[in-house]
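Below are structures written as structure tokens.
Both of the next two complexes hold chain A, though its partner changes from chain B to chain C.
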Partner chain A sequence: MTEQRTVQFRVFRYKQGRERPWYDTFDVTVTPRTTVLEALQFIRRVHDPSLMLRHSCHHASCGTCGMRINGQERLACITRVHDIAGERVTVEPLANLPIIGDLVVDMKAFYAKFTPMAMPLIRHSEFLPEAEPPEGVDTYTRLENCIECGLCVSVCPVAASDPLYLGPAALAAAWRVVQEPRGQNVPEILAQVDTAHGCWRCHIAMECSAVCPSHVDPGAAIMALRGTLIRQHLPWRRKQQGGDAHEPR
Partner chain B sequence: MKGAFHVLVIGGGATGAALAHDLTLRGLRVTLVERWEVTAGTTGRHHGLLHSGARYVLTDPDSARECIEENWILRRIAPDAFELNDGLFVALTDEDVTYLDPFLEGCARCGIPTRVLSREHTLRLEPNLNPTLKLAVQVPDGTMDAMRLPLRFLATAQHHGAEIRPFTEVVDIHFQGRTVAGARVRDHRTEREYTIAADVVINATGPWAGQIAQMAGVDVPIRPSPGVLVAVEGRLCNMVINRLHPAGDGDIIVPQRRLSIVGTSSWVVEDPDDLDVPEAHVRMMIDLGALLIPTLREMPVRAAWAAARPLVGPRTAHSGRELSRTFKCFDHADEGVEGLVTIIGGKASTARAMAEVTTDIVCAKLGITAPCRTREVVLLPHTAYYAG
Partner chain C sequence: MNRGELVPRRRWPAWFDVRGRHVSGWAFILNRLTGLGLVLYLIIHLWVLRLLTQGEARWNAFIALAKTPPFLVLDTILFFGIIYHALNGIRLTLVGLGIGVSAHKRMFWVLMGIGLVLFVLSTWGLWTMTK
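The block that comes next holds the complex of A and B.
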């Protein structure tokens, strides 16, 4: 038999119309394989069906189950209770986004910044570069890495202090358009991020890249946007672009 | 919309999402309620296969035909939603090769295009495949994002006036005499209960359809049939890889983003809320998947999970494999309960067709003659659902 133990879950609660949020505690018996999402599903099924959380794919592809687990932004579906230190697990909603109820945040503000970057969702696949595509398929493609989970926005210290900041997810999407335009208007996207609340607002805390569950590396993307814009803004560069097409390195 | 008939859809999965879209296009007023987040039940947890239908040609040709027809429609109405890298059915053994002719004939009968590839050609397309393979057949499978396709249906329905209410749980069916006239719901956001009146209620709750039917005093032949899926790190193939044999356990690998997803097992349960992920099934997925792609065994496991299929079948069914993947719509007026329709069975790839058939039945009840337009109307991007 697999080793079982009982873990106390301290869960953030909030319902619209209530004066203030509160915490409920529940005991959950877990095995080494139990994920935080499974534990929360158990709490909802057995203890309190009104517990609100978001989940869908259960394998870190949909990005819905982002939350703060003992203060750290994580996807609940791939976080094993066993891997969290301590006998108590505190579960709270993502920060820097409005709360709808319990562990659920309103993603509207996230998409208000993400969608205008117009990142196409299908990209070239860089895997198995030696593989020949089959007849009828021009080139192998795949879905973009970003799963729109909001972990990077939650952990970002600048997003916490500047509500107008575009934030790491949107800026990373902008960089993907610059990297692989797929018919999008690159100068227009660069103009959108070249603002005081755009890529220049980042403090290089790099927490976004540390918590990203999907290899997006928003911190590096923001630095790359800055590099691209600096090269465009240098006066000698502008002059050169008008006359000489030579690319300085 | 004022004065239009009002339809209440229970269930925010792929079926409910496609229903909300079809019903609004036909001029109906629509409210959709889902007790959790949308797609949190079965819908979000499938392997992400855009079916060509080839998986079913040997055992379930009706389902195969539905799949290929919907495959072409979805490519049209949801552009840029799929990894369109096609799929392979790989024969690993001489026994697998004996299925080649029936497979090709079955595909031809169902209208699924095929191309037979030699061992060498197959390995040039997919270098990680088991090098001892005999041959492969190329079919138009694809990869989808299991959550985002239904979000597109929901976004478009919402844009056309449908009211989508997640975290809103049906606690009872509301009757007027013997006629279903709406539902009593509890909003988990506000802790309030209220009644939603409707001319027709549609039970689109997948494996939970039996529980809603029970509230209305009717019975539906639903067999919740879970399967285990395992995602490993690393994209080991670009195409969808299937084993060339009658559909069974652990015989499909769906690549998606940077992951490879192996599925599935199959059993039946009474309560779709209480799904176990048996360790033995996880090991079986890895063992069987590694027959197709040996390096799979070396990759770290990203996640293992279970999802309950909403299969149509008798209570005697025991593994779920013997049940068809096609769908069935029930007008409970046939049992003396007017105003309630249940749709069960099917799969994410055929949700649009399920919605078309169900909406046809609802429109016939209400005397509405508007034709179905969901084969042509291009869906909004998934991001529009949350952007509002």
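The block that comes next holds the complex of A and C.
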């Protein structure tokens, strides 16, 4: 018999025009396999059809159901209620992005920073026979696996205090292009991140890497960008290149 | 369904939200707090040093006060702040230069181990040598 239990869901609510957000609490019966997303869909279906949330694929591919579950950034579709400690689950929208309503945030600002990094979406290297790792390399690291869920931006303490900060997702995308340009203009990308609100703004809290559901490791990508830029700015390197590779801002 | 519990207004900066944070996030928060504490200490320190211009008696009176247990407790907190901020600062400098990025958590715990030894030794010295 499936083990069932009742869990209290404390859900963040906000409707445009209302002065302040509030929490509604719902009792939901869950099994060991019930995910937070399924519980929220149940609440929407049975208790309150006005509950707003984003979701699509149900298997951590689309990145639309990112939210804060008991304060931690997670994808609701792969977070089982049973794996969360306690009998009460608090669900809130992602932080550091404007709230449209309830659990839905406006991703426009996120994409406005992410898209200029021009990360190609088509993978050339994956599944090709010639992509066999050479001797001494265990496996290739996938670099283009960002699902654009925004968890890294939500958890980033710098994004919380600097709205102009490019953010971990955009910077990781930039590093991905630097590593494998595929026709993109690398100096231009480097110039975009070589700013006070670019890769130098990171304070190395590394929370972005800890919460990333796709193991993109944006923290390491930001540090790699810094390394590249430091090497470029070394006086003897500039001399070799006949000036700078890009005009730092 | 239970409606209407208003979301409390946030009374602290967003970077100080500790819910669900990982070790590196806690390290970041503690680094900021100790940094702010050290700035405050520096201001107080400079303010206290002005006593040197007011004669030997005033300075000696302050030194006697600084050796009392409440001040030693403050000094102990100061030692913690200095040691933590310095050692975590070394980690951040290295990682910020791209050195040991993948080992940043291990580096944190190793440095905190060193820090604990330094803290115990310095606190022991503080409380025994000022008697």
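The rule we apply is simple: the second predicted complex is superposed on the first by the 219 of 249 C-alpha atoms of A that agree within 3 Å, B and C clash if a C-alpha of one lies under 4 Å from a C-alpha of the other, contacts with A are read in each partner's own complex, and residues count from 1 in each chain.
We take it that a residue touches a chain if its C-beta (ideal position, glycine included) is under 8 Å from a C-beta of that chain, and two chains touch if they have at least 3 such contacts.
All of these numbers come straight from a predicted model, not from anything done at the bench.
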{"item": "Contacts of A:Ser214 with chain B and chain C, given as first, second, both or neither", "value": "first"}
{"item": "First (chain B), second (chain C), both or neither touched by A:Cys62", "value": "first"}
{"item": "Touched partner set for A:Gly101, first chain B, second chain C, both or neither", "value": "first"}
{"item": "Partner chain in contact with A:Pro133 - chain B first, chain C second, else both or neither", "value": "first"}
{"item": "Touching partner for A:Gly227 - first (chain B), second (chain C), both, neither", "value": "second"}
{"item": "Touching partner for A:Ser154 - first (chain B), second (chain C), both, neither", "value": "neither"}
{"item": "Chain B versus chain C, judged by how many residues of chain A each one touches", "value": "B"}
{"item": "Overlapping contact positions on chain A, where the chain C interface meets the chain B interface", "value": "none"}
{"item": "Residues of chain A that touch chain B when the two form their complex", "value": "2, 15-17, 33, 35, 45, 49-50, 52-62, 64, 77-78, 100-102, 104, 107-108, 110-112, 114-115, 120-122, 125, 127-128, 130-137, 140-145, 147-148, 214-215"}
{"item": "Chain A-touching residues of chain C, taken from the complex the two chains share", "value": "1-7, 9, 13-15, 17, 19-22, 24-25, 27-29, 92, 95-98, 101-102, 104"}
{"item": "Residue ranges of chain B in contact with chain A within the complex", "value": "36-37, 39-40, 43-45, 48, 80-86, 115, 117, 124-128, 138, 143, 145-148, 167, 169, 186, 188-191, 229, 231, 235, 237-239, 255-259, 261, 273-274, 277, 279, 302-305, 307, 381, 383-384, 386-388"}
{"item": "Interface residues, chain A side, partner chain C - complex", "value": "10, 12, 20-26, 47-48, 68, 70-73, 95-96, 155, 157-158, 160-161, 203-207, 210-211, 219-220, 223-224, 226-227, 230"}
